[in-house]
Structures are given as C-alpha cells and as structure tokens.
Amino acid sequence: MEPTRRSFPTASQAFLAKRIFTAVGAEGTLIEDAALVLEDNQILYVGPAREVELAAVPVHDLGDVTVLPGLVDAHAHLTLPADKRNYEQVHQDPDEMLALVCVMNLRKHLAAGVTTIRDNGGRNRVTFTVRDAIRRGYLAGPRLLLCGRPVTQRLGHFYFCGGTADGPVEIRATVRALVAEGADHIKIMASGGATLGNLPYYAAYTVEEMKAAVDAAHDLGRLTTGHCRATQSMRYALEAGFDAIEHAEFLEADLSRKANLGAHHNLQGGQSVYDGRLAQQLLDAGTFISTTLQCGGYDTVVDLRHKKDTAGLTGQEQGQLDALQFYFEQKVGNFSQLIKDGFVGKLAISSDAGPFDTQFGRMDLGLCLGVEGGMTTGQALVAATRVGAELCGIADEVGTLEPGKLADFFAVDGDPTRNIADIANVTGVWADGRLRSHGPGVGVEWP
Amino acid sequence: MEPTRRSFPTASQAFLAKRIFTAVGAEGTLIEDAALVLEDNQILYVGPAREVELAAVPVHDLGDVTVLPGLVDAHAHLTLPADKRNYEQVHQDPDEMLALVCVMNLRKHLAAGVTTIRDNGGRNRVTFTVRDAIRRGYLAGPRLLLCGRPVTQRLGHFYFCGGTADGPVEIRATVRALVAEGADHIKIMASGGATLGNLPYYAAYTVEEMKAAVDAAHDLGRLTTGHCRATQSMRYALEAGFDAIEHAEFLEADLSRKANLGAHHNLQGGQSVYDGRLAQQLLDAGTFISTTLQCGGYDTVVDLRHKKDTAGLTGQEQGQLDALQFYFEQKVGNFSQLIKDGFVGKLAISSDAGPFDTQFGRMDLGLCLGVEGGMTTGQALVAATRVGAELCGIADEVGTLEPGKLADFFAVDGDPTRNIADIANVTGVWADGRLRSHGPGVGVEWP
Amino acid sequence: MEPTRRSFPTASQAFLAKRIFTAVGAEGTLIEDAALVLEDNQILYVGPAREVELAAVPVHDLGDVTVLPGLVDAHAHLTLPADKRNYEQVHQDPDEMLALVCVMNLRKHLAAGVTTIRDNGGRNRVTFTVRDAIRRGYLAGPRLLLCGRPVTQRLGHFYFCGGTADGPVEIRATVRALVAEGADHIKIMASGGATLGNLPYYAAYTVEEMKAAVDAAHDLGRLTTGHCRATQSMRYALEAGFDAIEHAEFLEADLSRKANLGAHHNLQGGQSVYDGRLAQQLLDAGTFISTTLQCGGYDTVVDLRHKKDTAGLTGQEQGQLDALQFYFEQKVGNFSQLIKDGFVGKLAISSDAGPFDTQFGRMDLGLCLGVEGGMTTGQALVAATRVGAELCGIADEVGTLEPGKLADFFAVDGDPTRNIADIANVTGVWADGRLRSHGPGVGVEWP
Amino acid sequence: MEPTRRSFPTASQAFLAKRIFTAVGAEGTLIEDAALVLEDNQILYVGPAREVELAAVPVHDLGDVTVLPGLVDAHAHLTLPADKRNYEQVHQDPDEMLALVCVMNLRKHLAAGVTTIRDNGGRNRVTFTVRDAIRRGYLAGPRLLLCGRPVTQRLGHFYFCGGTADGPVEIRATVRALVAEGADHIKIMASGGATLGNLPYYAAYTVEEMKAAVDAAHDLGRLTTGHCRATQSMRYALEAGFDAIEHAEFLEADLSRKANLGAHHNLQGGQSVYDGRLAQQLLDAGTFISTTLQCGGYDTVVDLRHKKDTAGLTGQEQGQLDALQFYFEQKVGNFSQLIKDGFVGKLAISSDAGPFDTQFGRMDLGLCLGVEGGMTTGQALVAATRVGAELCGIADEVGTLEPGKLADFFAVDGDPTRNIADIANVTGVWADGRLRSHGPGVGVEWP
C-alpha cells in the first residue's frame, strides 16, 4: 500500500531533478529523484519526489541535473573589470564606466549560479547606485550585500575608492556615513594590498583604530570584515573583534630586507608563515575566514596550463607560471593547515572576483582549489553556499535549500559532489523562484 | 462693608475675562470673573476682578472667554513647511525659501496662541536670520529660542542642516560656534530619524561624544536636548547628562531582520518597547521629556478620520489609517506609562511641527492626545505652558500668568479645562502685553 | 416709470461706494454713487449703482469712500529695506534676510493700495523665490512682475545683485538665463547710479550692448527698461529701442571737473540739463518714462519739514534740507518740462521704493510731487494706475476699473481727485476680488 | 527547365522568410518566399529564395514572418528613464545612474527591432562612456550615433546636460570639444522645450549663433540637427543651414497673454500654426524633418484609452486624455500637411524616447501615428528605416536590406505592410548578422 504523500495547497510551482544538493549538514546532503516545491519566492519542500503530491502544481522536470543552493560569493568587487589593468589604470575610468562594469559582472556571476554577492569595496557610491538601479528594475542581478567604500588609511589599499580615514574619530565618522548611504557591512583594509605603494606584510591600522571601526559598525547593527594579508593584521583583527577576515595569507615582513624597500615594492619583502596558534584563537573567537583562493592569478594559471598543453609556453610564460604556481602552493598550503586545525565550517570559499585577472563567473576555480586543498566536495559546496551566508549574516534566508528559505538555486549537468568541476556546467539559475539565466554566454532574463 | 480693593498706580492696561487659567500648581488654577493687570509688558496682578480697583486703567473686557498663558512649544522646526515633501525634497529649496516658510509658520503658531517657540533645528543660519528680522521689525512672531543647526553625525538625522560633527573635539568646536552664532540651546541628534538612510533604532553617538556636547553647552551656559527615538540613545543621553530628551519612543532594533537592510530602511527593522527602569532613572536625574505626541502623522489621522466620516476611504487610505493608528496607540501607550511612572511635571507637550504633515498652529492636537493618554485637562495645559517653559529654562519669565511674568497670553471661546479641544477656539493673542493676532485665518498685527 | 436695471446672473459679489475712480480716459473718470460688480476675480460692471440690479448678489456698502484701481508701482526694489544703510551695507545681509525684507515691503505696499509691483532688481534669485512663496501660499502679496537681477557692467550699478555682463554676447546670455529663471522684463543699468564708484553722468553701456539686451529680451517676448540717469544713456536707450526708461534725470558730466574725480564721487561732477529734443524723440518712439519722483530723499524732506515745524532743525539738518530741496526742484522741474512737451500719457508715477530712505507704502509722496509738478489729480492718478500698467505690458488685465479687468482695487477716505493726499487714507485693499488689507499698520489678510 | 540559381561561395549563413521588406524604393519592396544571404556581417543577397543556391550554407528558416531592416531611431535620449519624473528630478541622479538607465533602454530598443539609435542629448559624457562600454564588450546594444551634450543657451532646454554656450565664439568652441569627445553629430537646442523656465514658442538662438554651430560642425565633417518647436526656430534653422530639424511643431507665442508669464510657464502662452511656405522652403533646401510623433504623451494616451475601455476613467483622467488627444490631433495634423506638401521621403519617423512617459521599445506607436497621419504602411516603414539612415548620414551602411549593406534586421509575426501594428510582434533581432534578441521581455544576447 502506498504511503500518503504530502501536499502543499499554497504551492505556486515545483521542480523535479535527478539530484538536489541541500547544503544542510557538515558535508551537505544529496537527495536523489528529488522535488523542490515553492510558494512564490519561498521554499515549501525539498526532498524525495515520491513523498510529495504535485498533481495540482505546475511542475518543471529539469531532468538529469544537480540542483544546488545559489552560490553566495562572500567577496567580490563588482566595479572591477578583471581585464589585467592595474587598480590605478582602472580608476582612470569615470564612475559611470565602473557602473557598466558592474552590469557585466552581475550577469557573469548570476549566469554561473551566484545568487548572492557581498561586494567588498568600490569607488564612491557606485555599488549603491547599481543596487538602486536593480531595485528600480533597470536590470536584473543577484542579491547584493554592500560595504560601499572600504575604510582605509591615507593612500592605503583601495584608497582610490574614497573611504580614507585615519584615527578612531575619522574612522567612526566614516563608518557612520557608509551605513547612512546603505552599507550592509563594513570592510576595513587592515593590511596593505596590491595598491601601488602598499606593504601587505604589515597591519595598516592600530588595534584602537580597528576597534573604533568595529564598534561604530556594531553600534549601527552592521557586521565587519577585514582585508588581512599580514599575520599582524589578523592578530589585530582578532583583538578588535572583527566578525570575519579576508584572504588570511599569514604574511610577515622579512626585516632583513628593509634597506631595499621603496615606494612600489609590494611584491617583495615578505613571506607567508602559517601560525597555528593564531588560527586557534580565531576559531575560539568564532571569526569567519573568507578564503579567496583563486585570486592573485589563478585564472592566468589555468590559461597558461592550457597553452602549455596546446601551443606550448615561451620561456617568459613558463617563468610566470612557475611563480604563480609557487604562490598558489603556499596559499593552498595555508588552507590545508586551516582545515587540519578544524576550521572547516568557518571557511567560506569566495572569489575576490574583479581585480586584475580574477574573472566573475568562475567560482568553479575556487571550489576546485578548495578540494585540492583538502576539503571534500560536500565541504567545498557548503563553504560556497551555507558558510558564505553565515559569514554574511543572512543564513536565515539563503545558503541552503530548506523550507522557509528563499528560492535561490541553480542546476548543473553532472554531479559536483562526485566531480567538483561539474559546478561550471550551469543550465539554469533561479533567484526568488524566478528563472534568471540559462547559464554562461546566454542572456540574463529581464527584470 | 466692601473690602478694600488693591489698586495699581503704574498699571497701563487691564483685561477682564470670565475665566483665567494661570498654570500655577500641578493642575493649574482657574479663576472665575478674573482680571489681568499689566504695566507695559509685565503682569502686575492676576486674580478675581472684584479685588482690584481699575477705575483709572484702560480696561478691555474680553467677556465669556478663557484666558491662558501663551503656549510654549518646546519643539518645532520653523524652516519646514509640513507639505508632505520629505526632508531631501524640502532642502532642494534655497535658504531664502526656508526663511519664507518660517514667516508662514510663525504666523500660524502665533495665531493659535503660541507665544514662545523653541526651534530644534534648521539649515545654516536661517533661524538666526529670521530672529534678527523680527528684532529689526520686519515681521511679528512669537518669542524664539533657537539651536540653529542640530549637532549630528556624518549623514545623520538632519545632516542637511550643516551641523555635522563626529568625535568629541569636533562636537565641542561645533557647539562653541553655534553659541557664538546665537544658539540658546544645543540640540543633539542622539539617534537616527526619518532622514534618508537613517537607523532610528540605534544610538547615533557614543556616550563620550554626547558628554562632550553637554559639557561644551553647559560651559557656555546653554541647555541641551537630544533627539532620542532609540532606547539606547535615551540611556546614553541619561549617562551624558542631557537636560531634556525629545520623542522618547523607546525603539529597539529587531536583529533578526538584518538581511533585508539596505540604503533606505528607516521605516522597518525595529519596535517600540517601554522600559520602566530607564524611565525611573530619567526621573531621578530630573531629565525633562518633550513628548511631540502629534508628530509622525497625526494630522493625517485627523484628515483620514474626517474623510472616513464624510466621503469614505479607499482601501489604500484605510490601510494608511490603520498603520498610523497603530503607531499612535504605541506612542500614546508609552506616554501613559510615563504618567503612571510619575513623569507628570517633567513631560512637556510639544508639537514637532514642520516635518512632513505636522502643521504649525495645531498644538490642540497634542493637547488632545495628552488627555487621551491619561493627563487631566489641567495637567495637559500646564504641560504645554509652564512645563514647556521650565524645560526651556525660561520659567522665570513665561509659562504662567503671575505677577512679575511677561504678559504673554491668549483668549479662547469656551473652557479648555472642561473640554481640551476648546484650546483651538482662539479669539485673541497678546505677546508682551500687545495684541498680536485675532486667531487663525486672520492677519497677525504688524510689528 | 423706472428704467430697466442691468442684472448680472453670474455675479459673485458687489461693492457700493460714494465715489469710484476708474482711471479710464486721459484724466480718469469719477462716478458718484457707484457700484462695482464682480464675478470671482473679474469685473463685470463699474458704473452708477442705480443702473444695476443687485438683489441676488452679496453687496458690501463701503460708504463715503473713493474706490480706485489698485496702484501699479512700475519701479520698486523689494529686497531693499529703506533703513538708510547704503547698498554695500545692506548687501552684507544674506539672501534669506533680503527675502524677509521683501515680506515687510510687500505688506507695506499692499496696505497702501498697491496691487501690482514691478521689481527693478534684487540679488541672486531672491525675488523669484519670494514670488514662488506667494504662489505656494506662504504669504500674501501684490501681483509681481520681476526682472530678477538687473543687467549691469562690471562693478556697475547694482553689480552686487549678480547680473554683471559686458559685451553683446555675455549680455545676451545673461538675458536668456534671466528669462529662464522667470524674468517678466529685463532691466538694464544704462548709466551709473548710487552704487559706490559709479558715474551717473555717463552711459554705462555702448549702444551695441544695449541693443543686444533689447533684442535678446524681445526675442523671448520680454519688455525692457533702463536705469537712465545720464542724458547720454537716454539717447542710447532710444537708439537701442528700450520700451521704457527709468528716472530720466537728464544728467550730464561737468567735464571741467574731471581732475577731481576719484572712485567714490557719484554725488559730484555733473548737472541736470533738460533736453527737449531728446524728449520729443522719445515721445515719437513711444518710449515710456517711469518717473520715480520721490526717490533720492523725499521721505527725508518730509521728515525734516515736519521736524522744522515742530522741534526745529539744527544747522546741519537745515543744510541737508536745502540740498535735498534743490535736488527735488530740479527733478520736479524736468517733470514739468516733460508734461509741457506732451509726455502726459507716457509718464508713469513710480516709487523706486527700497533704496536708502524711500519707504514702501508711500506712493502718496510721488503722487503729490506729480501734482506739484503740474499734473492734474486725475492725470496723476492715471499715471500711477493705467499708465503704469501700460508701461508694464499688462494693461489688458489691470490698471483701470472696467468690465473684463481683474478686480484689483482699494478704498480711501476722502476724494483724491480733489485732494491728492487723500490717497494715503486707505481703508481697504482688494486683489483678485479678495480683501487683502484694512490699510497701513493693520495686518494683511492670510493667503 | 529550371533556371540557374546564383551561388555565393563566401556566404557564412542564410535566412529564409515568408516575406522580406527591403525598404528600397519610395514605398519599400516586399519579397515573398525570400532569402537573405550573408557573409559575416554583410549582406550578399536579398531576393526570392528560388533564385539562390544554398546547399553549402547554414540556413535558418524563420518561417511565416516578415523580415525588415533594423529600425533606425533618429531621435532618442538614452539617459532618460521615461518614468514620469520631470527633467529636473531625473537629473538629481548621478551620472552612473544615468548610465544604468541607458543599459535598460538599449535593451528595450534592441528587443523591439531598433538596431541603430541616434542619441540627441545626455548629460556630461555618459553616452560616450556607454558606447565605450559596448565597444569593450561589457554589454550589447544597437549601433549608436551620439551628439553627447546638446548645445544650448544659458538655462536653455537640456542645460543640465552641461552643453551651455552663448555667442558664436563659445558655440564654435563647444562644437569642437564635442567632436573631440566623440560626437557623430551636433544637436542644437534652437527653441525652448519642456525644461523648467523654457519658452518653446521662441527661437533660443540668433541666426548668427546657429550658423556658427552649423559651420563648426560641417568644418569637422559632422551633421547638425536642431530642436525646433517654434516656427521661428525652424526659420532660423533653415537660414543657418541645419541638416535636419526635430519636432517641427510650428509653435508661435500668443502675445496677448504676457501678463501671466512667470518662471514656469512653458505649457501656456502659445499655439501651433502650420506654415506651408516655410515647409516648401525647407523642402527646397533638402532639410530632413525628424517627426517624433509619439513624444509628449502618446504612451499615456494609449494607457488611458485602455483604461477607459476596461476600468473606466475618472474625471481628471478624462480631462488629461482630452488634452493629450487635442495635442496629438494638432501634431498629426501638421504631419498630414507636410505629407500633402510633398515631404514624404524627407520625414523620418523617430521616437524621442526617454523624456517623461515616452518609453523605449515602442517605435510601433510612432509608426501607427504616421499611418494615421496619412502615410502608407510602406512609406511609414521606409521613414523609420531608410529615411532615418539618410537623415543620420549612414544610408550607405544601414537602412535597407541590399547587397553590401550591414546585416541589421529583425523578424516579426504577421505583415506590417498590411497591418502596421504587426511591427511590434518581434521574434528575433540581428545586428551585424548576429542574433541579439528574441524580442521584448526576453534577454538580449551577450556581447
């Protein structure tokens, strides 16, 4: 005798798929022959198709695909075109050009299954304006969480965005203005970066200044995160109470080389040294780490490897590839250490898409690196969905496929829990229960 | 044998009225068949007409009216036209238009019996200029107490007025400049408000910053008051030693709704929760509360109720009315709690006239809401006269009808101690002993 | 048998008066026992009361008064307070103070029977803003015709208003901007004036420049008028095709005194020499002259004569009175010559109220001087009503009491056609058929 | 015996359609059972399918549709959102928002079959930046011809775009700068428009100034066109040698209404009076007219008519509809006169999309009005394709489907040569031989 099937009288539509990955649990959960039932933009049911009665509901059978929660990219820069121009060159363009860069990037990420983007810094009010334009219906885009301008020291990393502030008073004032303009979180440039003249091996603010930023943000109900390439900046961030840190490259200055330093030396003068004690302290404090594995050249690594396998490399290209591979070995090595030290569950896989060569629409690269670094495929998928949502403070709404959550999801050919690279084979993307894209290279649906 | 009547050889004029309400005592005092004797702009005598000898004095018999002390509105915004444009739209107008708005508002309030206005914030130097114009005799108006620009954080509530200051040093400097320009008191925007991008559920300043404002003001002999919608801002104001707080809405953030916050979210995300312990602490500290009962939409409530009774409401209008009524139930509920907790005597009934729909010339609405909230008519009348004057620090000069006080008074048909709504039936307004208006809709007398 | 009375079924109200002066005809027309019948803001009938049937119409019997068309003051400066500060001192005040000066002046002029004012120059956009405020209902005021900023040479007369332009291209651009801002006419400072450093004995522009201003104005359907104290500027204005000229003082430089000239010499160095040939050319060209008889000190003459008759004058005061009387003898002398040369009918009596001591609300002074200069009382009254309206290009709407005109009128005790000074005894002022004032010193009715 | 078919060895693809409209000839030409053969982005063949050999070519059979040359909209404003905000409100938005408006508009127009847009004026460099973004591949869009900022007098029509210039020298300098920034043509605001304070009934420039603009443009190989609502501005444009004029509303000022003019009077004060002699002179001079039939409220007419037929109209809405219908009767009446006077062939049907309510993607409205005004369907289709291209000076590349032209075309269900409204039933749009859109409401293909 057949068991009674659950029915959903308020359902507006349902989807059938060979596989649904829910991102619930440490490794996520894969349901075979599954159904996803929606009421408008909310999920009513996720589970085996056989347990649900769908006779009265419009049903879309997606076939032999895997459906996953929309990716949550906890770190991207919508205003940056990833066209290998450096920051200084890109910011010769006017604000309206940066807004048009956003249009391209929103589309690429959405087509690749990313339904939530946390932007970690753009110039002036551009990202706020872009969000307003989406709200007005001028264009479609993923859900956006914005910091506006990152808070940075005089001529510090991303100073060209206009968020310069030194000293607790100015920092606090800057945070307040950002929140009034619409910031959902506050991004603090806690160490140097690839901006001309920066020193990524040092903290860029004092603990007192970082505390001022955190307090000002929390006083207005806003989360904080820090650009922390230097170990020192990670320590200060811990002390100041940051909710998350980005990059976590464990860089230290090589003090023996001070005499050689000049203005534009950010690629020399330091090294990456993993600090297990600091990792433990961050874990104890509940601090999230947003890993941005693919940034810093992995798109180029992929291109060069492809060229090596096909046309072959010049000597200069081989040298570039070697240097990049060394960099990513270190980076993935740190990531592996963090996993061993119990950090899975607090590590979000994010892209840092936008700068230099880091393309939007390639979250698959970070996921592959995550698996290369020791995560299971399930852990990696959770890291790019649920953990990202937790880091962003919106896990009550997105990040998993569960009843009550918003209906943000996408479908891929194949099964990423078996082969993580299948995550790139997108065949459809839905946000708020509405079809938004048929995948890369195809038009995004209209607002 | 008739008792000897008192005579006043220096009297310049006298007024007879069926009733004079003096505002002396907790409930005020109503004298029947009364006389008010003046020497120029000062009161010599208030009491039964039969006890005073007026043969040699010009006498105006006002007849069957109630004479009251001129109303003291402890919270208004003279530069704002109450024409349902939002702050950002109004401040597209140039300063000279804001000055002309003041002309209209001064007239409306004066005609409604308000002889003292404490302005709680306008752009640039406009309110100072308007007071100069009155002093030069260009136009007539009530007695003005001014703060000029409110002190506010970057992009904080009323930032468009130009009084932005963050950090103790800048705040102190700003207070000093305001006093030098003519400020009688200092208004601090201690929480967010209805300004675009504001978060009214949070404190806008740290305690240290608020203390700096209070100390700087007190150092120059000026009182302070704070815009405090958030409970948190009321706590900080208490700690910082504010002389008064405005609104006291006891708002708290609803932290579960973080994800939906964006740029323009000040109407969502919080709730009002009365805090009796905080109320007791404020009472112990002697802090005044300026209640601004009618602001936030009560003019519209009155209009919609009238339309409901006559033409009927559309569904949308009924929805608006329901939402507004819910808001005012909460607001009046808090007011009732304050009364129960012993706050009568420290609660001033003020209008917050100017923003959005809150008309000048309608102090009667606040008085009616005060009685609805549990005050006796006498308490309400005292709250809009003597307590207002005490809050403003000018109770030695105005606020009651007593010998030695300035001759600011007005006459109404009927008896507001029996029917509070009679306060709107103004038949004459005198300031400094001089007839200034015959009531609403009639011209104000010339300077 | 009684003749049939005319009836007006659409009449909204009617006024009866002992005398109505219509300003129709060269000397105007006085109707005894007259009626004025309105339909809303328009005149339906003016004539003997006995010829009209008013049984069904609300009738206001104004009694033994003279009703006249509202005065049209073709030359005033609403932003100037007439408080004996010079231009440079007044313009230390901010724009919002100038707007408040306008409020006072509008009231004074309206209370004195002036229902139309042509403003001939104020700073920035102040007069435009004041008109907007009247349209929005913030305050009541006469009908306003505005030029905004006068067009003037670098540091020329009224340069502080912001309308500086030299050369035909800049002048044309300035005229276009003024019209776009709302200018009804264009005022050109064609000679120097009392502005510090000016030379009133010379033309301030070339004919080519003046032509550019006139052409630019006419190209946009706007009339022109010129400040012309110098004879030379009157000649240029004639050649350039000005629609009107102001002042017409026939000043010539005394070239023998050039060596003594310095920067601040505008009270010396010239003389007034009537030029009958030029007058004839202007008459042939149909150019209006706006006479501004009372400006330049006549208020002070009146005050000093009064003081002489009561308290007596000091030697210094007598000297001042002598100098002023000499000035006005010349001025009235020129006026008399113009009358003799046939200029009645093209001479508007205007006040130039605002600068230095020339009070608003004293059009009676100019009318008395006009009669002193040789006009009949009827001619003078027509010069301050119908001719003013013709000069302003609005004679189809105001300036006389005739069917079809707008209902702008006022009532005075006495009969100004017998005693011109009776024009000051105002008992009521109506604009657009609505009571606006009970006369000087009494409040203007609300918008 | 079957005739030899033509073959195209270099063909890259071919399209079959039931009907192809070529826009060649006065009425255009309709080919049944037709083929369109391309080599990359160029047309090799258009004609009967039976005459061409396609065995070796990829063939897309579009079925029972009509294929037409991509529409050429000779007048649009990409930066304006058509959301019923006025110009002043829209331009409160920053440049980056205007760029995002362009993204929406490009998409709407492209989806409706418009493959070439001539923008007639936007703020600052926004339109140039948008074209750069398309060239960089950030987004897809129609072929763009740009003027950048329109040349306008001080506070003239569209002054907020930043192209203000008065006098021949400044105008010539402005034209040079625009060409250097990338202008393809020069737009001159030759009369006032709907900008606040404008007078559309008058010419805004002198003939000398207009000549300067034309000469400067022609000197740099650029065409000119003028915003000409006033008859006077059309006469001046003729004299100055404009290549085209826009709107051609034949407006004249109504001089009898001078008195009521104030700052914001552009909706009153004039009337439309057709001038056949002027039309003949323009025809003789070879001047194109860009008719912008649908602008000024036709979208609203359509909406109100629909509401009238369904829900019914309120009195206010009926009044609005009546006023708009009167306006469009006049407009279409002028259009009919121009046709009768031989102007077919020089009249381009353009949209003026962007301002107020004139939506992008609705060229069908203008085409319907063109037929209503007396054009045949063929003439109307030619007016929106070939004549538009001739007006824009690019008829050697686009505007018809002929060998050698660029492969810009679109397909519609039905046959617009029988029913002009079928033009809206777009099923596919190709630019440069590449599929760009599947029609309205569906995503535009990626760059």
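Should a chain be cited, it is by its letter among A, B, C and D, assigned in written order, with residues numbered from 1 in that chain.
The rule we apply is simple: contacts are C-beta pairs under 8 Å (C-beta built on N, C-alpha and C of every residue); 3 or more make two chains touch, one makes a residue touch a chain.
This one's a predicted model, so the numbers in the text were calculated from it and none came from an experiment.
Novice: Just give me the whole-number Å value for how far the CA centre of chain B lies from that of chain C.
Specialist: That gives a centre separation of 43 Å.
Novice: Could you grab the centroid distance between chain A and chain C? Build each centroid from C-alpha atoms only and quote it in angstrom.
Specialist: 72
Novice: Calculate how many whole Å lie between the centre of chain A and the centre of chain B, each centre taken as the average of the chain's C-alpha atoms.
Specialist: That pair's centroid distance is 51 Å.
Novice: Give the residues of chain A that touch two or more other chains, as numbers and ranges in rising order.
Specialist: In chain A, 132 touch at least two other chains.
Novice: Just say which it is for the chain contacts: an open line, a closed ring, a star, complete, or other.
Specialist: ring
Novice: So which chains actually touch one another? I want all the pairs, not just one.
Specialist: A-B, A-D, B-C, C-D
Novice: Okay, in this complex, where on chain D does chain A touch?
Specialist: 81, 83, 93-101, 103-104, 107, 125-126, 129-130, 132-133, 136-139, 437, 441-446
Novice: In their complex, what parts of chain C are in touch with chain D?
Specialist: Touch residues, chain C against chain D: 128, 131-132, 135, 168-170, 172-174, 176-177, 179-182, 184, 215, 219-221, 223, 392-394, 396-398.
Novice: Show me the residue ranges of chain D that touch chain C in the complex, using the header's touch definition.
Specialist: Of all residues in chain D, those touching chain C are 153-156, 159, 166-170, 195-199, 201-204, 206, 253, 255-256, 258-264.
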